[in-house]
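Just below sit the structures, each encoded as structure tokens.
Heads up, the next two complexes both have subunit A, just with different partners, subunit B and then subunit C.
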Partner chain A sequence: MTLLSVEDLSVLIRRPGHEVAALSGVHLHVEAGEVVGLVGESGGGKSMVARSVVGLLPAGARATGRVLFDGADVLTMDPAALQAHRGRGAALCFQNPRGALSPTRTVGAQLTDRLRTHRGMDRDRAREVAAELFESVGIRSPRRRLDAYPHELSGGMAQRVMISLATGCAPGLLIADEPTTGLDVTLTGEILNRFRAAANTEGRGVLLISHDLASIAQVCDRVVVLYAGTVVESGPAAQVLGEPAHPYTRALLRSVPDLGGRPVTATPGAMPLLREPPAACPFAPRCAHATGECAAGRPEPAALAADWTAACFHPQTAPLAGTGTRIAERRERASGGGAEPQVVARVRDAHVVYRGRFGGAGHHALRGVSLSVAAGEAVGVVGESGCGKSTLARLMLGLVAPASGGVELAGRPLAEVRGRELRRLRTRAQLVFQDPIGSLSPRRTVADAIAEPLRAAGVGPAERAERVAKALDRMELDRSMLTRRPHELSGGQAQRVGIARALVGEPDLIVFDEPTSALDVTVQAQILEVIAGVARDSARGSVFISHDLATVRGFCDRVVVLYLGRIVEEGPVEQVFGDPRHPYTRALLSGAPSLGDGFAGPRVELTRDLEEAEAGGGCPLAPRCPFATPECREGEPELLAYGGMPGRVACRRVDEIPALLERL
Partner chain B sequence: MTKDLRFASSLIVTGSVILAVVVLAALLAPLLTGWGPEEIDPAAPLAAPGGAHLLGTDLNGMDVWSRVLYAARLDLGVAVVAVALAVVAGSLLGLVAGYWGGWADDVLMRVVDVFQAFPTFILALAVAALFGGGTLNLVAVIALVNAPAYARLVRAEVRSIRELPYIEAARTSGAPPWGILWRHVLPNSLTPVRVIAPLNCGWAMLTLAGLSFLGLGVPVPGAEWGAMISLGTADVVAGRWWTSVPPGLFLLVCVLGFSLLGEGLQERADAVRR
Partner chain C sequence: MRVLRFLLRRLLQLLPVLLGVVVLTFLLVRVLPGDPIRTILGPNATAEDAAAARARYGLDQPVWRQFLDYLGGLVTGDLGTSIQSGAPVAGELAVRIGPTLELVVIALALALVVATALGIWSARRAGRFGDHTVRIAALVGNSLPEFWLGLVLVLLGYSVLGWAPAPSGRVDPDTDLSLLTGADLLDAALTGNGPAFVSALHHLMLPVLTLAIVIVAPLLRSVRASALEVLASEAYAAAEAHGLRGRLLLRGYLLRATLVRLPALAALVFGFAIGSTVLIEYVFSWQGFGQWALRGLLYRDYPVVQASVLLIALFYVVVFLIADVVHAALDPRVRIS
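Presenting the complex of A and B:
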């Protein structure tokens, strides 16, 4: 039975001075027991579809068409009907669970409120059901958690609460707007499986909105791709994600790095912000297959197979581009050099402790990390949030001081120099930030921002201008950018400016701290291309920090895996990704979403330990590790080479791992 | 341009025009009147408006129109210069306290606390009584009572800006601390100051007029609106409105001008943020 049927939905939003065509003639449907993925980049209209379904359009929006839910049109419902529809008919899980939960009330109170309004339960019964709901979404000690305030919960926990809120009133349709953004890979998989379970066991329809194709690929039955407010392709997940027909879908998929090492292909340009429903194909200006026809008229969705449509005059059938080119290229470079390359940065047994507030115990962010980066080398640092990745970046740049251990840049220990000399030395390492716009001073122009390192180094204005222009050219930015200010830039442009700023002083080391995680998928691919180019410079070392293993695989020579402030495994990319020896690395890879083949080989699942309890002296992973022995809980394992391989692993049972895996 | 921005601009333009007219009148005073501000017409004390004296004369036989115009120079000048001083001194203190923190911050903020514990006008009254009137003293007094607010405002801004990524970016670029302070922290921390300062000029004029009204401001026979109003209060009862109403009106118009300008800037900042 069709649960939700969106027919020819168009939404125009009145903005001061102009209108925005948020949606133009969108058709889609969701059946009971089905998970439908709604994908596309920001500005494509995904959230607007979600809002239309629950009747929560922003002020100034005009919707035409029909949104039929169980046969009733949501767009024409009166307030009372809408109220009933929202809780029981369709429920929305918001993108930012912490922001969507009221900060001054306990999460239990917020959940029981809903149960009491929509399901007419009394207080005690509601509390009981709430505890059951918490348990069913995997919250430990649910009764205690009911009395927690949102700020006391971690991101993953808050998302679970959000899901329990949405599922609590047994809605027919569950809409999740980017439910896993900002969550770690291990959590992402788990949360998505909750939605799959809601469809399978409870027979709900689920509309899963995401910009991240890889993560939702496994759980969706069908996928709908939005571009500039129009549906460009829709069909079974296997077809749309496996052999996409619409050039935009193909561009999206090609933009996503894959664990298997498939290279990223960037598509130039950015999504337009339409002021009126498009008269032509909105993707035509960026499309390699576009002809005059595409600019003259808008293609109607045409059926390619049963339940599979693409709105394109030239649907593509060729398989997506081949694999492996970039990795081969890198291998040549790695084996090409004769002499041992110079080490540009070295971290020696560094501990970093953040001082606790009000005399409380500090946070031990890094615990004895050693790392060296050679010229011409790209080192990837991966791990879940809170593992110390960013602290390591800040440490290498001299932005935080180690409690013990040391950092050397260009062969000189940072601790030995002071004042101007320290500043000079520090400029030998540059950082590219996660937040591209926030890392640019709002009142300074692009020219000013890029010139900053040169000014600090005492370079004269004429040479400054010349080198800034050169850096801008390398980032393929127009010279007219120079006089712009950060708020006039798109995320991709701002990140190019950030990279130009890092490059302009010709540093020995560039640290990229999650440089693409704030960007849209196709823009991510563009920036990754730029970064890959920069990382190929032979005079410079680069460190690429990411929670996303696939992006690291694309162009790093060596990978370092961090867990709770310690390096648990390090080694060449092929080694670590191909045959990870540490159970944690293997679990990360097993859990990482992938559109391609993903991680081959035996998978490891860690037992859930949401409290992230500190291991009492033993191996930090021991409480979660399926292979842990009593011995593991006693002493911390050292990072050691194993079996003549080029990598190092901090695991007591490293030699037994292959045998243990076979027994799994 | 959006509706909010248009509204903001209309406020800014109206406020600016009002102030420009007053400033022009003050500058062109010698052309607009034949009388000097302190020139006495012994033949006509308390003359009604019209004739030789456009707005009549006061108790001492001085021309009210002339005095009102010349007083604009003093009132506007004192207010603007005092607020400018307060902005500069307060912002610098706030900048230092906010960026470096530590004991400097503690000391400065406790001093600010002491200042802000008193109502501004009472504090101005006390300080003016202590140091005496006179133009320069008044500038100093008004700057002194207003500076703590700027110090606090800028300090709060600096505290949050200090933690933003672009400051870290500047540090990794090797910029020296004073360079970061001057080029990145200061320009970004002054946003609220730009809005508050014009409003503050209006309040400063009221403070000045209030002090003079109470006899702690500009000494007789200096032309100042508050002093003029004070001198004319007895006349109002006797039906001689012209000695105190014109300076009152000028004061009102100026404060209104500053308020509109400040409101407009506030609206524009809000509109841009949205």
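Presenting the complex of A and C:
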């Protein structure tokens, strides 16, 4: 029997004044031992499907259709049956594990609560089993961790606890709602493999919800694509992600930057918020292949092959190819000037220490970083969270002062200027923030927000208005936006405003701090196109900070890999991505999810998580590095150029590593 | 051990605060218009009589001298002599504070229990009839003046129903209760005086109810708001989505998370209750601290006013200290250090 079968599920949510059609006629099924990916952008209805399966719909929601679990309809279950179904039949693994764990109860108690409820264990037995479960999800010293409160756990640890809560009662179906959001590449791979293992070895069905196509591509058997509450395409992962038929699936895939440097193609527009079940194809307004037929009626899912359907009148068969800007082409343009480009920002051997409270021992965020950015150059900065990426950004903008070392902007050391001059100098460097809406003042209009740097530079009102309008045009935003406030903007629009604000004063340097990580996939592609355009300006240098290696590859000339506040490798993009020489860079690339073949060279896996690696002297990576020798633990390696190749590496065994890799 | 160290350090930090209170009240009562000597001597006293009385209470000394004397007394536990009664202030205070504290502590405890139970009950039916009823009832209780509410309760409980004793005093004098702390219930329990205990409880009924009704509304609103927040939280949804049942959900996932913010508000309400007992004490002839302090203020009885303000300040800081410790005990994210 099918484990989970969702049949013609529609959910209408009553809101004050109107209704929202969250789901309209959704069909999908999950078999035991199978991993099904549920993908699409936010607002597509992914979480609503997950909530329907455990019968936990929001207030004011009306569901029709059937959600059959082992033959019983979840939507019509009585409270007792529903309680038994939740956790035991189908268990939900929440998106934000820190938030989903009760802050005032130990994680051990939260797990034993579930074990005692569903598996009828007594207190001691439940504690025993809880420790075993913790161990099985990779938590070290599980007995001690049982008495920890959620705030004492790191993000990765909290996610493991969440998985143990969901799998603890041996549910037939495991639903994971964006389980890897906010986790580093190394952890993402491990967590996803746990879900794959749950299907393979324990025979569970797994419904994996994600907006991150690249990461789930490797673990899913089948994929279901949702758009505006409807299933637009579903089928085997290889087909749907490899040769997608529905234009929306194709748009999604083309929006994802790839490690291989495949250019990103943006699709204009955004997902509509439907007030009623759609009568026409909901994607038609954004679709390049739409005809009159598409606006007149809604296409039914049609079979393209066994188990592969697409709800489209014009399913596409052409191979998926991007038409975006080629990297090489841009590089030529950047180096077209001939003369040595001027350096716009330079960091010299900077150390940054955040002091602890009351002058206690602080956190050493940057340990001797040197970096220079030339006009017309785009530098990518990558690394796991906590490696000092954001501190480097703040340093270059003069927002934190280095404990030692120096920062120069436009040829002038920041430490030597004061007062008005410093304020003027600061306008030469601008930041684009991660949270597009949060970084705009909620009470100021778009026009005010964009004009901010000009006001700081003392530009008169008439010229200000003119330059704001020009910046807005460059971002392809309508002039009517000028009077709006941030809450009236979508994420993509707000980020365009943020970029316009950074651009308007014609700064020498723009720092992008994870500018797309808070955005949906297709919007992300739109913004990446805008940023690529900005990075092409020859008068300006840009720094692009990201934990996502693929986005950096798209349009950066040079890339810097940070690890625990140190640069471990830097060099031209092709060099670093094509033939990484530092084991850490190689491990990052190996772990990075990819829709294509991913990283081609020999792969490296780090032996431990960042948080579990005990600090010692010597090379910072030594505790995690598979190639570490006792020598590595003795002194910190210097960042040096090796063997006449471009770029520099901080590793003692650079010369030996190719041989070591072959032996792996 | 860490808690003890924390308490010790906080108590030391209180000293400058209390010193500030002492200085301020000392100056303020003397700035107030009115002369305590005139009020005790009456209209027919001569200037010589007044001068003699002034000398007796040390009021002829320069202000700095008076202050130093007062401060010296404080260190040895001498709060001065009441100008009105001529008796030591410390003795009067000791007799007066017990009954009031007893009234306020019991009323606050009752209000906290009721607020927690009703607040959570109400939050779980948010927007439904029961929820609205509870909220409106609490609001009405909060809006009634306490003396009027006290009178109505006396009318109902004593005159009409006859359940409560007459509003005159705190314990039946026939029970021969010996005075230890001034808190009659505690005294009766300590001396094992059964009839006095029952009588004290009986007499406490209406004043406690009055005060509890007045202070329950803000506590209830706070509990309800926190409970709504917890109920809407992802953590609670996760517990529900994993099929945990009613009682476990309530005890493990709702109650403690809801009560986290209550201690700070309860401390504030405690301070308010100490102040608002004056009228309730009048209605029930309670002979408590509030009445005594008010009379001291009316007659410009400097030592009495100074002592009562100092005592209220001491209550405030100690209660907030207790609230901080309770908060830290409830919320594992809070560290006391």
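Simple rule for what comes next: the second predicted complex is superposed on the first by the 647 of 664 C-alpha atoms of A that agree within 3 Å, B and C clash if a C-alpha of one lies under 4 Å from a C-alpha of the other, contacts with A are read in each partner's own complex, and residues count from 1 in each chain.
One rule holds for everything that comes next: a residue touches a chain if its C-beta (ideal position, glycine included) is under 8 Å from a C-beta of that chain, and two chains touch if they have at least 3 such contacts.
Remember, predicted model here, so these are calculated numbers, not experimental data.
Asker: Following the overlay on subunit A, give me a clash-or-fit verdict for subunit B and subunit C.
Answerer: Overlaying the two structures gives subunit B and subunit C room side by side.
Asker: According to the stated criteria, A:R426 is in contact with first (subunit B), second (subunit C), both, or neither; which is it?
Answerer: first
Asker: Would you sort A:A457 into first (subunit B), second (subunit C), both or neither based on which partner it touches?
Answerer: Touch partner of A:A457: subunit B, not subunit C.
Asker: Once the shared chain is lined up, is A:L397 touching subunit B (first), subunit C (second), both, or neither of them?
Answerer: A:L397 sits against subunit B, while subunit C stays out of touch.
Asker: Look at A:P16 in the shared chain and tell me whether it touches subunit B only, subunit C only, both, or neither; answer first, second, both or neither.
Answerer: A:P16 contacts subunit B only, not subunit C.
Asker: On the chain A superposition, what angle, as a multiple of 10 degrees, is formed at subunit A by the C-alpha centres of subunit B and subunit C?
Answerer: Given the fit on chain A C-alpha atoms, the answer is 30 degrees.
Asker: A:G438 contacts which: subunit B (first), subunit C (second), both, neither?
Answerer: Only subunit B; A:G438 stays clear of subunit C.
Asker: In the superposition on the shared chain, how near does any CA atom of subunit B get to one of subunit C? Answer in angstrom.
Answerer: Shortest inter-chain C-alpha distance (subunit B to subunit C): 6 Å.
Asker: Under the contact rule defined above, give the subunit A residues that sit at the interface with subunit B and also at the interface with subunit C.
Answerer: The overlap between the subunit B and subunit C interfaces on subunit A is empty, containing no residue.
Asker: Across the complex, what residues on subunit A touch subunit B?
Answerer: Interface residues on the subunit A side: 16-17, 397, 399, 420, 423-424, 426-427, 429-431, 433-435, 438-444, 448, 452-453, 455-457, 498, 501, 505.
Asker: What residues of subunit A sit close enough to touch subunit C in their complex?
Answerer: Where subunit A meets subunit C, its residues are 54, 56, 82-88, 91-92, 94, 96, 99-105, 109-110, 113-114, 117-118, 149, 151, 165-166, 169.
Asker: In the complex formed with subunit A, which residues of subunit B make contact?
Answerer: So the residues of subunit B in touch with subunit A come to 1-5, 164-166, 168-176, 179, 183-184, 187-188.
Asker: Going by the contact rule set out above, which residues of subunit C touch subunit A in the complex?
Answerer: 233-245, 248, 252-253, 256-257, 260, 330-333
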